[in-house]
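Same chain, two partners: chain A is paired with chain B first, then with chain C.
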Partner chain A sequence: MSSELVQVKDLNVTFTKKHGFLKHHSDETKAVNNVNLSVKEGETLGIVGESGCGKSTLARTLLTLQKPTSGTVLFKGKDIFQYTHAEKHKFRKDVQMIFQDPFSSLNPRMSVGEIIAAPLKAFGYPKEAIKKNVRTLMDLVGIDPKYANRLPHEFSGGQCQRIGIARAIALKPKLIVCDEPVSALDVSIQAQIINLLKDLQKEFNLTYLFISHDLSVVKNIADRIAVIYLGQVKELASNESFFTHPSHPYTNKLLSVIPIPDPKTAKTRTWTFVKEDQPSLITHSSGCAFYPRCPIAQDYCKTHDPELTQLAEHHDVSCFYPMNQET
Partner chain B sequence: MLEVNHLKAYIDSSNGLVKAVDDVSFSIKRGETIGIVGESGSGKSVLAQSLMQLNPSPPVFYPQGEILFEGKDLLKKSTKELCALRGNELAMIFQDPLSSLNPIFKVGRQLIEAIQSHKKIAHKQAEAQALQLLSDVGIHQPQQCMKSYPHELSGGMRQRIVIAMALSGEPKLLIADEPTTALDVTIQAQILGLLKQIQLKYKTAIIIITHDLGIVAKLADRILVMYSGKIVEEGTAEDIFYQTAMPYTWSLLRAIPSLKLTRHDRLMSIPGQPPNLVSPPAGCNFSPRCPFATPQCMDTEPELTTAGDHHKKACLLTAQAFEESKHRFEQKQPEEV
Partner chain C sequence: MLKKRIWIAAGILIVLLLASVTSSWWLPHSPTHIEATQRLHGISAHNWFGTDHFGRDVFARTIAAAKVSFFIGMAVAFIATVLGTLVGLVSGYYRKVDFIIMRIIDGMMAFPALLLALALVAALGGSMTNIIIALTFANFPQMTRVIRSAVLKVKQLQFIEAAVTTGTGPFTILFRYVLPNVSSPIIVQATFTFAKAILAEAALSFLGLGISPSIPTWGNMLQEAQEYITIAPWLSIFPGIAIVITVLSLNILGDGLRDLLDPHRTKTMQPLKRKTQLKRAKTESTKQEVI
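Showing the complex of A and B:
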């Protein structure tokens, strides 16, 4: 048990939007819907799902930036929403975040040196130590320390992401939540950042929660992978088992849309001509959430909601008719 | 249909002269799809907007070249003539769908206005056409969609609406600048499928711009690889993928995160930063990042030369030297380049 850094239990985050005349109607958005997950020390848990499925909301909740509607989040065995003042302070040091948009996550008026120094300053590091630390950190992420006085706009997207990473590791955190850290970057630069994150993980025994909508990116970094659909965990498996036996129909759909960088194979695949709009978190009936889009749905799924259950070792799925198990 | 000859598009900026498009030539036929691929800052958007004559000028100017659309040079057309062409014969889809939609008007109004700007038809007819277009681009409830504001729709739906607007004039040439970069992979697949469907239906020529070669593997008949304002390789998708003729394309291909790799493999990246167009490196612009650069590359600029039937490359290495370099490189892997 001690190896579990984060435990998420029966977590729900519901947003209520009132509308209509005199606000009589209200829509409930279940951005996080009964999620149970754990993150072990030193591992990378990949979280995958389409836009709007609740990935960032989950991440924000783990960072205490979003209050859960119900359920608990334990960090090193303690509920993060019941922390004392001193514990909160420690938590802010132990848990850091890396964002999707490398530019807007850095203050445009601060030099990159100041940006990286900010968390150290906030935690009362002495001046000399800060200076030395900033230099080491810049070196670590591959930005020449002589550029410490430059402003963010003088750097490219990939370099800004490196600066964001330097800031995130400044306080030697235990956990870093990475919300789509490479989605806004060119493919050529994505690989640099992923390699950097892997190196730093090894060096500092970091734990990552790595959010992405791209399974090919997640495959390259995650030890375990959770697929989220409309706020629910649909499949949770070790990297190996996940890719050798993808079992949920939605996972298979996600795998089938990854562009194949090979004209011959790509041309044998049919085009996605489907007419489908984004699924909505609001209209939720009683059955399986994936029912409206599921290619193998049965009548039973319309009225029954599957639970996340173990299918094989290190492999849980939430579907009555899992696929690909004996391949 | 469209022929670009020795086009240069330079930009006067506070940091100096930006050679965003530097002597680019290519052509596209009816019903054909061309993919233009390159890293951010390689000049793709400036090129795309040159074709539409949408670059603000100043600061952008065209010191050289011609853009022949059905035989006539767009660079010599008046603003009025260009306006008539844009939206009718030529249409463009931008990376960020929000920026091409007006946030304060409902989708229906914007679409109807777009249709009426091309054709003098009654509101009722335009409305019927708008509904048809929305259903063509795969929107389930066009009626309801017409009544929505852009911010009430998902990213994928917004991009479909932008595509619907671009199609409203039944263009002969559609230019899509990173149409899926802001979207996630499922929606990306739908949008690419949609572009293909449109092409089959209207025989539209499509130029699709992206930083990811994987995206155009299936869609493009021909691919132009751009680096530092120049075309560095040009060929069919098969040429580019299977007969890769120069190191930059080769590096881009290896950077695509592949499902074949496991998490224990190190991803291949291109070292350094995307090109700087104000003071490009001397010689071959790719030389500071090129794993196979020779001393000659630092001072001699390669020209675009033949590498096969309709296949061209800009690299000083001979085909044999390139093969040998790749071989040597693979021997000393797997450490990162």
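Showing the complex of A and C:
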């Protein structure tokens, strides 16, 4: 087994919102709630969950854009929140991010060439090397280098995302955090971008943390998949085991709503909607977080909070009554 | 259409400025020359805009006054913009200093701008430098506020976060990422401040707190004219029109520049002109024939 590049240990990110006269009331939102994860070198860890479950907060915390309330993140065995200034600068070289919105993640006043050159400049590459690098990077992501002088708004969404990818790989990072990189794109463009990411992974031995709410996309790219619900990891399994034996009731719900391309098959399936809307993160009481919406909930779940436990090899789940177990 | 507007506005301002700067060489009358026999004469071929109560030529004075007004306006706009931009950038980007700076700005903004300038000029005395200092002081808080709010908006865009994650330093982020994206409010506010400073200088002179009466400015011309408004209206009409034209041109220029600098308008690749298109099509077809 290859070594672990990133280890997330008991990570908590809590947002407090003060309100009332003299701000004496405060609501706590646990965006990331006791998350333990590890990412191995060269693999792709997919993270799925519905909107507002804390996926992006987790990503931002991994890049030290967000300070954790408690817990640590180890990168190559070192706590990223204890870095000195110089270490942090080096860390920036090793960890990059690809953003969700291809347009707002590029500076509208900079030419595409300058955007891709920016990380190289920040790390003091000589001018000639930057020029050469930008050309090869643009070639690599499939954008003609002769367009280097154009501004981002002259490109389509898919092309802008390619530019964002070129910027992310410019410094030859170890880890790239992809925060819903394809959710803003058309389906046909999505496939192109996913294939590009896969090719780059092979070429540069990249490690991806791939965040998405689209299970079919994650199925395509991820080696392991973590399901997050209200800031907690509910299921963590290898790609194959995840789709053949989805054990957590929430995972089953998610899988049941993947659109089926064939309308005839689609007609025959039984819909099991999650009836209630996602409960607010603020009013989180004791017991399992998924209890209010769980179809197989028992009284026991109301008072006891399950922990992530190993069900089978490469398959952890946080549920007292897991479904579809391997026999 | 947009370019036309900008060119007209800029043209008016440039012509006025050049005419004023070179006025000592070409004006038929000196703006300060007193002709006691020619007092309060109306519009004539000899005195285009008439003469004032000392017999001085109003046309010469209006043109010469533009120099002073432009200088004050430009100086105030420049200093207030530079100061306001720097303070606004820092204040908008760094949350910690923001609170302190904003309370100071709040305090300055609590005074009406003109009143503050008036008090400062009264305290410092009415020289050109003091007027520039006073008007800068009165206009820069608003400038800071506008730029700070623009910075706050830009700061939360994703490309700033992207710059942080690629290891870009805070100095570069401020000046290469934030500043270019707040340039349109800066330009609008700068031209607006220019116009406001010209008006404020006129107001100060009108109230008798401006530059010494020996130097003609639009403000002190109006102030002197008010006594004679019923018998010699040309004394107030022409400097008034000069102020209106200048301020209007400045505002149009500011608006136009903002639209022009919008990155979504600029295209590095222009569509070919019809003629060139036809020409290319022709050469290509002849090429094919040869093959």
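We take it that the second predicted complex is superposed on the first by the 317 of 327 C-alpha atoms of A that agree within 3 Å, B and C clash if a C-alpha of one lies under 4 Å from a C-alpha of the other, contacts with A are read in each partner's own complex, and residues count from 1 in each chain.
Operating definition for what follows: contacts are C-beta pairs under 8 Å (C-beta built on N, C-alpha and C of every residue); 3 or more make two chains touch, one makes a residue touch a chain.
Every value quoted in this text rests on a predicted model; they were computed, and no experiment measured them.
J.: Using the superposition on chain A, tell me whether chain B and chain C clash or fit.
T.: These partners fit in the superposed model.
J.: With chain A as the corner point, what is the angle to chain B and chain C based on their C-alpha centres after superposing, as a multiple of 10 degrees?
T.: Once the two structures are overlaid, it is 70 degrees.
J.: As a test of reading the superposition: which chain, chain B or chain C, is in touch with more residues of chain A?
T.: B
J.: Thinking of the overlay built on chain A, is A:140 touched by chain B (first), by chain C (second), by both, or by neither?
T.: neither
J.: Could you tell me if A:106 is touching chain B, chain C, both of them or neither one (first, second, both, neither)?
T.: second
J.: Once the shared chain is lined up, is A:171 touching chain B (first), chain C (second), both, or neither of them?
T.: Once the two structures are laid over each other on A, A:171 reaches chain C alone.
J.: By the touch definition at the top of the document, which applies to A:267: first (chain B), second (chain C), both, or neither?
T.: first
J.: With the superposition applied, I'd like the minimum CA-CA separation between chain B and chain C in Å.
T.: So the smallest C-alpha gap separating chain B from chain C comes to 7 Å.
J.: Show me the residue ranges of chain A that touch chain C in the complex, using the header's touch definition.
T.: Those residues of chain A that touch chain C are 63, 65, 89, 92-93, 95-97, 99-101, 104-111, 118-119, 121-123, 149-151, 153-154, 164, 167, 170-171.
J.: Touching residues of chain C toward chain A in the complex: what are they?
T.: Per the touch definition, chain C meets chain A at residues 157-159, 161-169, 172, 176-177, 180-181, 183, 263-264, 266-269.
J.: Spell out the part of chain B that touches chain A in their complex, as residue ranges.
T.: On the chain B side, the touching residues are 39-41, 138-141, 154-157, 183-190, 192-194, 196-197, 211-215, 217-218, 237-238, 241-242, 251-253, 255-259, 261-263, 265-271, 273-274, 336.
J.: List the residues on chain A that touch chain B in their complex, please.
T.: Those residues of chain A that touch chain B are 50-52, 156-159, 186-192, 194-195, 198, 213-217, 219-223, 239, 243, 253-255, 257-264, 266-267, 269, 271-278.
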